[in-house]
Amino acid sequence: MRAMSTPSSRSGSPEHRTVAERGRVGFAPADGAGSGGATATAAPSVEGAEQLDDQIAAGLLPTRDKRGHKGSFGKLLVIAGSLDYAGAALLVCRAAGRAGAGLVTLAIPESLQPLFAAKVVEATTMALPEDDVEEIDPEPAMARILDHDHDAIVVGPGLRPGLSTAELVRLLLAAGEDGGAAPVVLDAEALRSLAAEEGWWEGDRRPSVLTPHTGEFARLRAGSGREPEADGDISGDDVARATAARDAATTWGQVVVLKGAKTVVAAPDGRLAVAPFENPALASGGTGDVLSGTIGSLLAQRLAPYDAARLGVYLHGLAGDAVRERLGDAGLLASDLPEPIALARKRLAAIAERRASGSRLGFVARLPGGTSGAGEPTAPGDAAPTPPAERSESPS
Amino acid sequence: MRAMSTPSSRSGSPEHRTVAERGRVGFAPADGAGSGGATATAAPSVEGAEQLDDQIAAGLLPTRDKRGHKGSFGKLLVIAGSLDYAGAALLVCRAAGRAGAGLVTLAIPESLQPLFAAKVVEATTMALPEDDVEEIDPEPAMARILDHDHDAIVVGPGLRPGLSTAELVRLLLAAGEDGGAAPVVLDAEALRSLAAEEGWWEGDRRPSVLTPHTGEFARLRAGSGREPEADGDISGDDVARATAARDAATTWGQVVVLKGAKTVVAAPDGRLAVAPFENPALASGGTGDVLSGTIGSLLAQRLAPYDAARLGVYLHGLAGDAVRERLGDAGLLASDLPEPIALARKRLAAIAERRASGSRLGFVARLPGGTSGAGEPTAPGDAAPTPPAERSESPS
Amino acid sequence: MRAMSTPSSRSGSPEHRTVAERGRVGFAPADGAGSGGATATAAPSVEGAEQLDDQIAAGLLPTRDKRGHKGSFGKLLVIAGSLDYAGAALLVCRAAGRAGAGLVTLAIPESLQPLFAAKVVEATTMALPEDDVEEIDPEPAMARILDHDHDAIVVGPGLRPGLSTAELVRLLLAAGEDGGAAPVVLDAEALRSLAAEEGWWEGDRRPSVLTPHTGEFARLRAGSGREPEADGDISGDDVARATAARDAATTWGQVVVLKGAKTVVAAPDGRLAVAPFENPALASGGTGDVLSGTIGSLLAQRLAPYDAARLGVYLHGLAGDAVRERLGDAGLLASDLPEPIALARKRLAAIAERRASGSRLGFVARLPGGTSGAGEPTAPGDAAPTPPAERSESPS
Amino acid sequence: MRAMSTPSSRSGSPEHRTVAERGRVGFAPADGAGSGGATATAAPSVEGAEQLDDQIAAGLLPTRDKRGHKGSFGKLLVIAGSLDYAGAALLVCRAAGRAGAGLVTLAIPESLQPLFAAKVVEATTMALPEDDVEEIDPEPAMARILDHDHDAIVVGPGLRPGLSTAELVRLLLAAGEDGGAAPVVLDAEALRSLAAEEGWWEGDRRPSVLTPHTGEFARLRAGSGREPEADGDISGDDVARATAARDAATTWGQVVVLKGAKTVVAAPDGRLAVAPFENPALASGGTGDVLSGTIGSLLAQRLAPYDAARLGVYLHGLAGDAVRERLGDAGLLASDLPEPIALARKRLAAIAERRASGSRLGFVARLPGGTSGAGEPTAPGDAAPTPPAERSESPS
């Protein structure tokens, strides 16, 4: 694996520039500073949208206690995979490990356990009770899940479509009612289940991150009584994407990651962040599973949902750029991504450390909204790394 | 994996030259330009044969929308594999992914699904109904295939010989009668099935690419009432190879890829292309499966059959040369090839981009039939990359 | 894999230093030489504790007969793995091979054998009789184990919790009563079994190495009638860790490896060694399995338990540092470790060879307790490599 | 994988020298030239023993037709593997592919086929009839084997011990009586079967290569009525090893490879060759399977048994040296070897090509017995590469 020194995402120009060099593209900065809006693509701006960059992402990294043990770095439960979509589960688990989770457990229907055991060597497996072959029995399955010790959950990638999956997702989401349940990433089949359930977002729900691609997003919106057409072109129009994602996050009261070129992350309180990556190499089967594993891993490491989503999207994008550097615009396989995710995290950690050293040594800190150098983007929250306590809103 | 800067195929001379340097060898160029015919091997020429090279192949590359999603880059259905020939299916799937398909689904007999699930992590699997263990039930299998959403199909590698396979191939090919079915690559056991079926090429058929090696080709010819001897030495005589392939393509109304040293690609309209590669390292089990996966992947990416066949053959050849650079003339395993296929595509994309930049900047474009420089071959179709709409003849 | 020239473990200082440069940190040297105690962390010292470093570890390496065969380099039996914890068994086996064992056999319940066969290509498998699915029948299982030819055993990683596992561990440990049984590494589920068994350490027992993490250690101590609180903070306080480990080793009459940051190795005779590594990257699932496989491999290579434990801990730490150099503080997967373990051993072998060459050529040998250069630590036992006969106390 | 420019096997001296530099060590050259006998180790000489080196091995390489297809490069049938020893089969197959065979088929008991299918992606599998679970039914199994199209066979690695294996080996060996059967490598369990069968070598037998380690050799000798003690120290005494191997080859009328440090290859006509490699890293489980796969691959490529054995042993030794360069004296896993075997073959092919170019250009060819330069060893047969027809004594 090559070093990750020059991640790049060509945005309308043939030469490669690093993400940091590109700065905020296509969105006016929240504080009005900079001239990011006047780029080559001249995209219209969305008020208050934060353009993710190395500095912001580095500020989100969970601190890593030198003397921590595998429990301190987060236990993730992954509910994913079926006979038809077996690889999805493995990709989630592997990505979760590479993104730094201490322990990963894959829960699968009992009859499939031998298929998955030892496929991701570092993950353990857990059988979920079935009422038919490969068909989860939702209530006892839920009981076993609640019995298991974990800090976060990913549910959905590669799950078998059907009523029992839908019921399990419903039970899982509701299990947050007492306010103490672990946060959850809802992806793929879990999202399709929600789209068919009226008012799924009402009442107390686990803190969640939803990670739809545009098709899943449109279905979810339709399920919420919103005509998909009213959202405009959520594939190609960056403003439409951001506006729709923000509206959805507000409606559902959950963090929404609208995937695609320039992935949007929206929080229930209206905060909005946009990733700079446009990478056709990432448009292949399984890359979404890697993303949900990454976000789940960061949730398990005690990041708040909005932070886990932003950092997860950014690490995933950097990793995709690294693979694209090596293989080009086509031919990336999703299993190429997990290792570069660890390398991307290492790169951000080095940035965070340099910044922290600067602060300690009395250098002028880069302040939010200030202009601290050669056109480097700044943004609300782009200061010295916030200590975990300050940014944690996760109940786990 | 080493960089692919010096792919080489020693053609009758001990020193390594790049494919581009070698230019057109052994065949008179279509336009009469150049002196390619007077090479060291002094092979006799075949009228109208195009010698594939970097420039031509680069011109065939499908464009890659920066904002595409996994659906836009093609969905390939692979019908391949059995207990005896299990690896073939995996090689097809992996190659298809590395050649740029967005989604790959492997269809196998129901009882074998657990064997294949999660073996190629990025591919999904689909069970085909059986009427006996490992024996496909052709009609319901066909129904399930038609139900599946895909842009192209590969059928044949590693399939279990027998009547049910033959029947499935027959049904599949006929499914093109309404003119709207996805194109298909016919390989290995599918070809053996056709060889036993009289007049298989008559009537409306799906647009197809047949990829026989010389043994399979001879059997197919015999099945078409042609004495194999009448074709001459289709292993060693380049003119006999080209002539026979063109005749077959015309007779069958399909694109024919006659594999071997200097693989020939023939279109039903008489067009003929020859690849420059003679690589004994490629003469090992499974390399053909990689080729059919590559061509199928390009079909799924909306290339016309003749273009997908030419580009697939060329990428496969470049990848083989890259492995040979590293491992020598022997000892290549077919699973070495998929990753270099992505690298080969990246290399061609860089060539295409340089050419496109030149055009944009007002440089003199290399015109078809023109002589634009240091003996570089040109050919009909070797202009700036044709936009997909112009070269698509695929009904899907 | 990058060269291992600069392994490093940042101990309270931002710049990386090699292990050798760091020398003895936080513990007073046994011979009173050096000023290791006055480091940045200013940890209090524990009397007689040896700080492991390259020189000491190199001195422990088993000699490797140039003409040895696979039998001469040790046969290890691994009793590990279950359906829920399948990967653990594979990690033990792979680490054992990379640490130099000649032959590795994995014993698993009969019904699971097909799951594990060929997963670690170089290891053979052995079925243990069951009285229920995946439930070992302890007595016939023990008979089959005694029938098998091996030099050491690892038992515990990933074993299914339950009475039959506990009974097997009990039988196994007692099988040393005649004084001729192979030494054993007790890890994970084996330790949990012991914690529930009163007086397990009484009577003649196989020479053993116990490898608890702090949670397992506390449970074992409680099972020995020691209030865990009385041991103090065995996660964060280095003196408490060392004191508790020494006390436990003395009580149980076995070598104890108390894992965590700065792993402690304690011998029944009061000897104590501390590893310098604090590496958060190692705090992830499966790294403990790699450690027990490494120690078991060294036991099989005829190292005495205390030596195998010290060298195993050190090799594992160096390997962890090498992976951290590449991937950073997070995202290490346990399967990253085995190959760097072989590289770490190679590095130590080069140190041992240089020292041996120096001796042979008449250079002044570095003597125990002497000061031979730029602050390099010395210690009892840190002389020329002891021939195996001298340090072997293993009965096998 | 690093380049293989400096393979080395330290023979009694600490600095590394290439095999070519070392020349003939410890054995008087056949033609009396050179002073190889007077080396540091001062080993006594065995009359007529050829010390294998790069030049000799390069001269044995099968030529590789630039336009060959997978059939022309040899079809190998591998009869190997069981549930207990599953990895052995995979190692044989993988090594055979890396050593250049065009097609590899693994034959295993029917009930185990799902376990092995797709484990070596490039190999196909073939079910052998059973009369009990995992128990081959010898006669129908033999019928199926004779039905299969192959150029050579490897039988033995990882086979289940027992009467049915012994009977299959007996039938297989006898199948050469009509003089037209493919040659066979007999290894591991096949050798143990022969050791129990009186006079197995009598009558017409398939041309075979036996590859015993010293333990298997002693058992075979005992089965031939030779007291093992009478052979002397066949592990440590090079003269005893060579003498015993030559005597055995003469008695049995087959090529014998006596494995260990300085592996000996003996032909039935008294020819004797010794490999220079002493590599403790190779003393680990599975390396013998890689050797039998390599020799079988070369037999399938039409080398005569004595040539296949010599070249196979040499390639295996070079590959072992390459891995040792990287990982040191310990920690090699057998699966590290196959790829370096291809690299070793590439290196030898370059030597052969340089020599052939020299001849073509009119340079003085290095003649057998002549002295052509800086102490480079020569030997009978060490001329320009013999064309295959001249050296083929294989009946297939």
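Which chain is which? They are A, B, C and D, in the order written, and residues in each are numbered from 1.
Definition applied: a contact is a pair of C-beta atoms (placed from the backbone, for glycine too) under 8 Å apart; a residue touches a chain by one contact, two chains touch by 3 or more.
Everything numeric in this text was worked out from a predicted model, so none of it was measured.
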Centroid comparison with subunit C (C-alpha atoms), farthest chain: B
Taking each chain's centre as its mean C-alpha position, how far apart are subunit A and subunit D in Å? 53
When the centre of a chain is set as the mean of its C-alpha atoms, what distance in Å lies between subunit B and subunit D? 38
Where does subunit C touch two or more other chains at once, residue-wise? none
Take each protein chain as a node, join two nodes whenever their chains touch, and name the resulting shape: line, ring, star, complete or other. ring
For the subunit B and subunit D complex, residues of the former touching the latter: 10, 14, 83-87, 89-91, 115-116, 119, 213-214, 235-236, 260-261, 278, 280, 283-287, 327-335
In the complex, go through subunit C and note every residue touching subunit D. 64-70, 72-73, 94, 97-104, 113-114, 117-118, 120-127, 339, 341-343, 345-346, 349, 353, 357
